[in-house]
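The chains carry the letters A, B, C, D and E, assigned in the order they are written, with residues numbered from 1 in each.
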Amino acid sequence: GCGSKDSGGTKVKFATDAAYAPMEYMDKDKVAGFDIDFLAEVMKEAGLAYSITNTGWDTMLTSVQQGKEYQAGISSVSITDERKQTYDYTAPYFESTNMILVKEGSPIKTAVDLKDKKVAVQISTTADTLMTKIMGADNKSLKRMDNNTLALMELESNGVDAVVADIAIIREYVKNNPNKKFVSISDSKNFESEYYGILLPKGSDLKAKLDPAIKKVIENGTYATVYKKWFGQEPDTKKLLDQK
Amino acid sequence: MTALIEVKNLKKAFGDNVVLRDISTEIRHQEVLVVIGPSGSGKSTFLRCLNLLEQPNGGTITIDGRNLMDPANKINEIRMELGMVFQRFHLFPHMKVIDNIMLAPIQVRKWPEDKARKKALELLAKVGLADKANALPDSLSGGQAQRVAIARALAMEPKIMLFDEPTSALDPEMVGEVLAVMKQLAKEGMTMIVVTHEMGFAREVGDRVMFMEQGVIVEEGPPKQIFEAPTQERTKSFLSKVL
Amino acid sequence: MTALIEVKNLKKAFGDNVVLRDISTEIRHQEVLVVIGPSGSGKSTFLRCLNLLEQPNGGTITIDGRNLMDPANKINEIRMELGMVFQRFHLFPHMKVIDNIMLAPIQVRKWPEDKARKKALELLAKVGLADKANALPDSLSGGQAQRVAIARALAMEPKIMLFDEPTSALDPEMVGEVLAVMKQLAKEGMTMIVVTHEMGFAREVGDRVMFMEQGVIVEEGPPKQIFEAPTQERTKSFLSKVL
Amino acid sequence: MDFRFDIILDYVPLLLKGTLWTIGISILSICFGSVLGLAVGLGKMSHRGYLRWPTSIYVNFFRGTPLLVQILLVHFGVVPLFLGSTNPIIASIVALSLNSAGYMAEIFRAGIQSIDKGQTEAAHSLGMTHFQTMKSVILPQAIKRMIPPFGNEFIVLIKDSSLFAIIAAPELMYWSNAMRSQYFKVWEPYLTAALIYFILTYSLSKLLGYIERRV
Amino acid sequence: MDFRFDIILDYVPLLLKGTLWTIGISILSICFGSVLGLAVGLGKMSHRGYLRWPTSIYVNFFRGTPLLVQILLVHFGVVPLFLGSTNPIIASIVALSLNSAGYMAEIFRAGIQSIDKGQTEAAHSLGMTHFQTMKSVILPQAIKRMIPPFGNEFIVLIKDSSLFAIIAAPELMYWSNAMRSQYFKVWEPYLTAALIYFILTYSLSKLLGYIERRV
């Protein structure tokens, strides 16, 4: 839907790029996903009215930076030092790591093996950043696709040897395509854990309201319920709470 | 009796191409002037300067006492006094015949519609096309189209009519019907300047014939004199080709 | 002596519009046939059927003993025997005059280039344009362009020449130079069919005049007879308009 | 390849809704674009430098840069400047109108210049002003000649509107993208979209052919 | 707004490399597209149904669906069929050639049909065959008239090549996207890209204007 004019009122307006199943995606005309359910709990806890709009990635980045129309963004945004120059983040709410997806029988075992292979990633993701570091910014074998669907298609059509993407994406894809003989590889040595945070404009006063609510939701078990609903397993909440 | 049109030292060039070198002449009230000359001699340009479709580069043109070069005179008011008929008719193809004729009286003279319509029907009858009022121009023969064009020019009640080779785009059997309308006009006392290759018309209707070549008036005089006893070599040689 | 062209019961319609109703005539070797008639009477269509620019709907055309309707006869071979000159010249504007003339002899007759060039220069001299070999068509006057078009048609060494109003797009002072070339051709014994409104030419050069109207031959005969003593009412009324 | 018709069926209502948006955005844009394009086109033909220069720059800019870039500039720059906040639908219509005005300007110019100069001269010789001539004589004829290029521009515009998916205007491509990202599938959403676009553009071109023959 | 020129400078080598790819892809595509477009255009004008039908469908399909969809079809469908694996550059050139052939076909057709019928008749009356007439009389004249629409098509094609960023063809837009992705900035990459595209299309249009006047 479209945004309303009044941004200074009571409602907090969230932007998202709902093209990242199962974290956030369009289920027909509704925004759905882990992030969405989690946000609902947090806002209930904080006692704030809110709305969430699928704006696409660029609109989210630009408008959250200005903080006028959208006061926050939630869209599996990893907390990185580079981005911290431009934005504030809430406390981390999700631990993620990148994973490698290859075809059965592939010789690739770790991220280092990818160095001279062809790899597809979604542009602008941390997978892009990681692989850019490993393979180099101008490496033609690194294909930065517009979105993860195209990256995964690329693997199916033998355009690349591997796809690197967030663990949730890879799992969802394998789940959706059980008969396609893909193997997912995790490599915690090369792919460090990353943490998602809610994106805020610099100096936003929302941080003071959202951080305690996030802490509460994680501590009281609500978080685990939502997590299990989407990923079918228990989260490591201790590690999450330890992050600063 | 004083001249209706007075042209003095008229000059016109397109870039380097000097088309009218130094044209001076007078046209009296009710006179019919026939202009002849080879292709490219400047006949059309001369006519077009008279109603400022071309901006002269020098000289003066006075029409009914008004100086055309004077910026105080509105160009559209001067053009209202001069009706022009072109070789290729230039009817407005998207309008019915009657609307072609009514357009300018309504928009320029600000006539009410019924007055314009009455006048248009009168003129159509005069050129013998009363039954074509609701036809579209494309359905007319060349001769009919040219007669409509004449009616359209007359609808503005001009003092002077300019004709630029009005019959040379017509099939031979249609030339007669257009010339007949023009003869009738002359008989009624219209002042006319006619560029044409129809020597029969010039002889019969013209009060004066003017022979132009390369932007100058080589010779002018009554038709009988020009056709039968031209004084200039160039006139003779031109006439020998076309008569 | 037998006929070079024999036309029998020729019919041609465009959709519902029957343009040639039933045309039968013969043209003898070295004859000059002049076709006259009002606009839309089918004169051009008649000429165009002779070299199959239009496909007839019925009847037969025999040229030099070959039946045009016979699919065994190659259309291009027949067309080589008939040179055609159009009202609007249709020179190829992207080629020099000489290349316009050489194109078909080289491509169709498969002449070597120097033979084609020699012939082209000869013909240019004949039509009085030896100095224009390297000019582009757009730089020519109408009369010059039409003479080049005649040379281009002659370069194929046709047995018959067809002219479709070759002078009616020309300024009057250029008509003479084109007619002169045509007269010369006739004198040299070329078989010619000429659609024209130039009655002087018809009288002087024509062996026979054919008057067409609404797709039929109304009357034909020697020029003297047609012009001075037409037997048909329609011929009289047409001639009264154009003479 | 396992082509899943079920997910297409699931999305049919949304795709149709998107199609309506596509049509709506395109129609509004071609209307605004035509009006603006006429003004720009007349400006480009003007004898006055102060009208000709800026309109030339306008046309060169909008025809010379990718629509994608123009969309981003309008969405993040122009619309917030006036409304205080972004709005994908308004941005779509504004960007597409501005863009198509650049093309419409050239269509108007070509259409007007294709009318025989004799028409203008005949009108002038009757004492009609430049404006009267344009309005009553030239434009009515030019507009008829402009139907084919106008139709092409409309078709281009319908297809171009697919780019607005990236700023999340809820048109046809947006819902195709949603379908793609929900199911990780490419063929189902995009072939369906292609078919719908084709139906739109093909019927439009038939309609225009019909109008052209009638007028 | 804090506009960071330093990150643009950082990316200059990559943007220039991308520009070269953009130019290369566009030139190859317009060449292949012209050849194929001539064939399709002649087919569409043919009297023979078995030539006219398929070529009409070709033109309608490639002009009636968004390029985006055509790109995906070629990249994931056509190219792997022949090469066994995807290849973004080959896919770009193939998709853009096929697409522009649809437009070039119409340009050829319009150009050929704009030549006065009298030219064909004059050539036929001299005994020249249909093929000789086309080759020596009609095409040389038609091609001159086709320079302006051909130039427009080339410009459109340069801009359209920006869509190949989504399948990671290393052209200008791809590197602009990479820049956006690295710095989370929108204006710097896209304004720079707009400027480069504008320089490309503007110089091309000037060049074509010059050629047009010369020919």
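Everything that follows uses one rule, which is that contacts are C-beta pairs under 8 Å (C-beta built on N, C-alpha and C of every residue); 3 or more make two chains touch, one makes a residue touch a chain.
Owing to the predicted nature of the structure, the values given are computational and were not obtained by experimental measurement.
The chains in contact with subunit A and with subunit E alike are D.
Distance between Cα centroids is largest for the pairing of subunit E with B.
Taking each chain's centre as the mean of its C-alpha atoms, subunit D lies 20 Å from subunit E. Between subunit A and subunit C, the centres computed from C-alpha atoms are 83 Å apart.
The mean-CA centres of subunit B and subunit C are about 36 angstrom from one another, to the nearest whole unit. Annotation: 82 Å between the Cα-based centres of subunit A and subunit B.
Among the residues of subunit A, those in touch with two or more other chains are 58, 62, 147, 150, 153. Residues of subunit E in contact with two or more other chains: 76, 186. In terms of inter-chain touching, the protein chains here follow a pattern that is not a line, ring, star or complete graph. Screening every pair of chains for touch gives A-D, A-E, B-C, B-D, C-E, D-E.
Listed in rising order, the residues of subunit D touching subunit E in the complex are 60-61, 63-70, 72-73, 76, 155, 159, 162, 173, 186-187, 190-191, 193-194, 197-198, 201-202, 205.
Remark: subunit B residues 38-39, 141, 171-174, 176, 197, 238, 241-242 touch subunit C in the complex. Contact residues of subunit E toward subunit A in the complex are 13-14, 17, 76, 80, 84-88, 165-168, 170, 174, 177-178, 180-184, 186. Across the complex, subunit B meets subunit D through its residues 51, 53, 76-77, 79-80, 82-84, 86, 88, 90-94, 103-104, 107-109, 149, 152-153, 156. Listing the residues of subunit E that touch subunit C in their complex gives 116, 118-119, 121-129, 132, 136-137, 140-141, 144.
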